[in-house]
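Got a structure here, written out as structure tokens. Questions coming.
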Amino acid sequence: QAKKEVLGVSMPAATHSFMAGAVFWANEAKKDLEKANPGIQVIVKTAKDASEQANQLQDLVTVNKITSLVVFPFESAALTKPVAAVKAKGIYVTVVDRGLTDTSAQDAYVSGDNTAFGKIPAEYIAKALNGKGNIVALRGIPTTIDNERMDAFNAVMKNHPGIKLLDAKHGNWNRDDAFKVTQDYLTRFKEIDAVWAADDDMAVGVLKAIEQAKRKDIKLVFGGAGAKGAIKTLMDGSDPLIQANVSYSPKFMYDAIKMTGEARLKGQKLPANNIVPSVLITKANAKDFYFPNSPF
Amino acid sequence: MSLAIEFRGVKRSFGPVQVLHGVSFAITPGTVMGLLGENGGGKSTLMKILAGYLEPSAGEILVDGQPRHFRSSREAEADGIVLIHQEFNLAEDLTIAQNIFLGHEKTRGWRLDDEAMRATTAEVLRQVGLQASPDTRVRQLIVAEKQLVEIAKALARKARLLIMDEPTATLTPGETERLFALMAQLKGEGTTIVYISHKLDEVERVTDEVVVMRDGAFVARQPTASLTRHAMANLMVGRELSDLFPPKEPAPEGAPLLQVSGFQVPGWARDVSFEVRPGEILGFAGLVGAGRTELFEGLLGLRPGSSGQVQVAGVPVNLRNPREAANEGITYLSEDRKGKGLHVDFGLRQNLTLMDLKRYARPWLAPAREKEALAAAVQSYGIRTGDLDQRASALSGGNQQKLALAKVLQPQPRVVVLDEPTRGVDVGAKRDIYFLVQRLAREGRAVIVISSELIELIGLCHRVAVMRGGRLAATLQDERLTEEELIAHATGTR
Amino acid sequence: MPPAPVESRAAGARNAASLWGKLHGFGPVVGLVLLCIAGTLLNGEFATVDNGLNVLTRTAFIGIIAVGMCFVIISGGIDLSVGSMAALIAGCVILVMNKTAGSLGSPMLVVALGMAVALALGAAFGLAHGLLITKGRIEPFIVTLGTLGIFRAYLTYFADGGAITLDNALADVYAPVYYGNLLGVPFPVWVFAAVAIAGAFLLNRTAFGRYVQAIGSNEQVARYAAVDVDKVKVLTYMLLGVCVGIATLLYVPRLGSASPTTGLLWELEAIAAVIVGGTALKGGAGSVAGTVVGAILLSVISNILNLTSIISVHLNAAVQGIVIIVVAFLQRGRR
Amino acid sequence: MPPAPVESRAAGARNAASLWGKLHGFGPVVGLVLLCIAGTLLNGEFATVDNGLNVLTRTAFIGIIAVGMCFVIISGGIDLSVGSMAALIAGCVILVMNKTAGSLGSPMLVVALGMAVALALGAAFGLAHGLLITKGRIEPFIVTLGTLGIFRAYLTYFADGGAITLDNALADVYAPVYYGNLLGVPFPVWVFAAVAIAGAFLLNRTAFGRYVQAIGSNEQVARYAAVDVDKVKVLTYMLLGVCVGIATLLYVPRLGSASPTTGLLWELEAIAAVIVGGTALKGGAGSVAGTVVGAILLSVISNILNLTSIISVHLNAAVQGIVIIVVAFLQRGRR
């Protein structure tokens, strides 16, 4: 009861492997923090949409009486006001991954690098194809981050006029949708050199569809985010189409909670911005990104 | 005040089938006119046209000498023409008062004036003799009560021409008497009444004049006083009708087939015991609400909490639902044709074979054999229909009744319970049904007939059990089986 | 023959039945009370005024929509599109407000304009549903499943896949509509209460409400009684549309943005509130009060789940599911 | 009886109407043909055998579920949980197969066990639904809304939020069930065809099918006609459960995994297929053939959208919605 520090964590529910990883890391952080510091209590909550998350924030403040908050907003714009309301109560706020539209509503910001998430695969694909070829892309659920990544990807491709982006449809970060979209891409386009699947879950569906169609023209499928299955494939070199990945680890959730908790216990502040860089993963550095216990 | 109506060459077809072939006659203002005709003769159709529910395909209707063309029931009602439907038209989820004023709500500004509507409802309910709160949901009413609500609804409309399409089909003598008194009063106030019924004794009593229709055409018009019941019947069916009832056969001896003792249906029946032998016809008489229907619904496991000992052919059974009853060879014809008896949205064939599908599924259903069965049933029950493939809702009321009867007899039950088996059936068909019932008994089945027509019970049954207030008041047979005795026991004056 | 003193029996049986009926009617209330007791036991803070007001405030969106939905369901219809509709209305309102912010001068005026747009759009969408269903004679399920896709697609299109966000200046003017309060009770709760009372009045005290019930109970009978069935149906959908508009009015100042995930699955929540509140899905009868209790009950469940950490976060939905079934069981047998 | 209080015109046109009625029955077929023509015009590849088989193969899941759903809807029920149920069954099957892979020796045996588990689970879940609905007397909407949450929550719990993945060795043995073919036609298409034919037979040519229709048309009448209403209802839900099991059997070898997004919104798709196929949501009558056409129609729409880029990707859902409404309009008036 008499914990001096109550840290609330609010994040989207695990409806997708990446988010499952984030939830996993949040719970890991809770375990580690609470074990190391008897004075802290961590409460992890997941929400199925933006308004439920706003409700959760209220409940964490009103009822759980939190003293600090780590929030992974469902959506930047929608959560800005509710988070601001939390901060206005004097609660220390760390925002993860999706920055608020009004940065004064947060004390600290920890995030991955969505620009690099689109830029790195674009550069890799351009290089692998020697600046010439046909590619298709799959997009996630329509959201701001999906837009950011796609824009970054397109920006790079502008410099490679030899590469033609045939189409980019939404696969909704979902294996089944990606499978169908890819099947239809394969029906539609007879020459495809590379696929930017933009997510490791979607890459699974893409690979199955290619395998089924027995197409040999595709040389490269680039997923993203470094799911453990994809990293394993990369490490083992078990699929020639998978040659590289880009990191976007849900582990930043762990870091954000741990850093916030420890800083608060010591009465310190976090740096305002903490960007966890997205880096290219290849067979060479793959083992650094492999976490067999995480669901992601 | 009184309304003069004249039909001129009214025709009506449903699809390819023409059901009215140019009907012309006039209704004398201020009288009670009986409208007679066989099932499917077109009576209801003609009256629906008059009341604005249907449009004629050809011909016209003159109201007080002026041709009028009603495009909706509302327009007809504006002229004071109100129809009491043969099939109930009540919204089950609404209360009595809400139904009675549906579409004609009294309002005070924006707000419904529920007080006033309730008061008026209570008044009309009193007139028809229904003791129920205006706030009772129609769903909770039994069939006869729904019929009374229909009548009350028409009363509340202040009709100048009131059309009653078989209003007494489910009423017992008490309610019928009250209705007649009411009709006399309305007539005295100048209301013209069209009275459709297959109960010729009633027609004889209350009408001034009868019009007979046959096969969608006008046949005859006579002052009632000039006709005997027998003559009316002959006019209707167009041939000489012999005795209505088959000669009685001696009551069978032997062990009972169905034996019920100490049966309870919560709220409806207490401590009822009776038995029927194979070959016996047992009648059940009683007033509305005496619990006859409910007793048998309880017996078939349709009313929760029912209990008592039941033996079939000496073997104790526990019937938890009609399926288990059917497995014991017991079937039940409900008095509520539309709500419980027939799938009105189904074809005739599907309705007919529903209780006996086992015979047609080996394991695949054989539509050809079902069709044969339907053809046979249409033949033997005299179901009049233009088209064997149509839905049951397209049949006339009486023909629906015949279909429902055919349906419960399909599985060849050992014990059959017929609740108002001749409801809405014309005299010719009634006679056929009586002979059929006797044949069933002769084949060694036990037949239970619940009826509000005392003559029917007296003419047909070996014994008649009278229920009053949920208890068995008496069981009458032989010379004690008379109308006076039945009424006396039913009302508790003996 | 004496006109007999009829059927005391029938009346007797009915009285017993109606007592049961009354008890069953309280199913959701009983469920709610039990839940509140459980909540208090799990966390003492549950029973505070603040928490109560929080729960009521957030119930307002779904609750207001559910009141409209109640009419549609009682009339025998259904509307699956309300979540998407709310999202699209929110998006349009924000766009209109942002656009007019410069030209219209006073931000108050802009906010008022936004509100008018929300209500007008809701009514227009409802009208479209109603016409397709009555004149087009298409199943309500299909019509609103179609518009569910259409509304959300257009929002996504307008937002270009991202979010549509209200300008900060406007957001500050508009915020009190959600965050402000009167006599200590937040505005959304007042609005919710007003909508519920108006809804209850409309359903039980006006001819329109009566017709809605009659149509749901038996459309044919209603037609025979000269009720303008098509008009009444169209009006129920418009009423629901307006309720969605009102809910959106409260939603926009809260989150200040609309995105493709706004209002996702609200339709299920709204329908669930109505049905948990004792209205039969097949229509004919139902109550606004029950619907309100149903809506509150659903939010209380998730509130309690937020207040405690006794089970895995992954199982929240399971607890909600179980509670819904149990509450429905408490009021079974009314069918 | 036709809805209009006054029906002279309707009656006059009755002959013509019955011809129309016949045409209306073909509404979905007409819609499908028009769509296919549009598809071919938009992209020549649409009309290839390969694409046709792709579409049919992926329709198989929803199609098989829709056949089961058709029975439930005709009987007057509804099941919102099928998507979650499929996901949970897939998860459980994979877990069981992975667990037994070591101990059971032959991978064929393991796969057979997995299949048995899928069917058994489907039947068991269906039984649970049926009992809650009939014995518990709870609205089907509520029961299955509840289990919708419960099933998915448990899958998420088992998967710890991530994906449950089939061991590679097993996946290779199992893969042909999805990817293999017989006479050039993929297995799932054969299975789909078999389920559809069996379903059509069951509905139109057996006593059970007749009882299902009778119950949906008027439950009370069916009960009085000695139909064992509760049993038949329970059986429809079990049948649907088994169909979900079969669909899952085909689903698992496709991607070899189950995750919290597996089967999301399949319930809406399956119900839409049934209703687009001409079955009324309120039950009583419907057809398996229509349902199959409805399911194919829905996949063809998204296939065509994937094969072309004429409109913004954000508007895909709008196109789907419009097509669904138009097809439903083509067969209106059968109500």
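Letters are used for the chains, namely A, B, C and D, taken in the order the chains are written, and counting of residues starts over at 1 for each.
Please note the rule applied: a residue touches a chain if its C-beta (ideal position, glycine included) is under 8 Å from a C-beta of that chain, and two chains touch if they have at least 3 such contacts.
These figures come from a predicted structure and were not determined experimentally.
The chains in contact with subunit A as well as with subunit B are C, D. Here the CA centre of subunit C is 29 Å from the CA centre of subunit D. Subunit B and subunit C have Cα centroids separated by 44 Å. Between subunit A and subunit D the centroid-to-centroid distance comes to 33 Å (mean Cα coordinates, whole Å).
Multi-chain contact residues of subunit D (touching two or more other chains): 1, 5, 156, 160-161, 314, 316.
Residue positions of subunit B with contacts to 2 or more other chains are 53, 72-73.
The multi-chain contact residues of subunit A, meaning those touching 2 or more other chains, are 13-14, 23, 142. Chain pairs recorded as touching, per the definition above, are A-C, A-D, B-C, B-D, C-D. Residues 78, 80, 132, 136-139, 141-143, 145-150, 152-154, 156-157, 160-161, 219-220, 223-224, 226, 229, 268, 271-272, 275-276, 280-282, 312, 314-322, 324-325, 328-329, 332-333, 335 of subunit C touch subunit D in their complex. Against subunit B, the residues of subunit C that register as touching in their complex are 1-14, 16-18, 205-207, 210, 213-214, 216-218, 220-222, 224-227, 284-285. Residues of subunit A touching subunit C in their complex: 13-14, 23, 43-46, 48-52, 54-56, 58-60, 62-65, 74-82, 85, 101-102, 141-144, 146-147.
Contacts from subunit A toward subunit D in the complex involve residues 13-17, 19-21, 23-24, 139, 142, 167-170, 172-176, 179-181, 183-185, 187-188, 201, 204-205, 208, 212, 229, 294-296.
The touching residues of subunit C, when paired with subunit A in their complex, are 43, 45-46, 48, 50-51, 54, 58, 61, 156, 159-163, 165, 168, 171, 175, 179, 251, 254-257, 259-262, 264-265, 299, 302-303, 306-307, 309, 313-314, 316-317.
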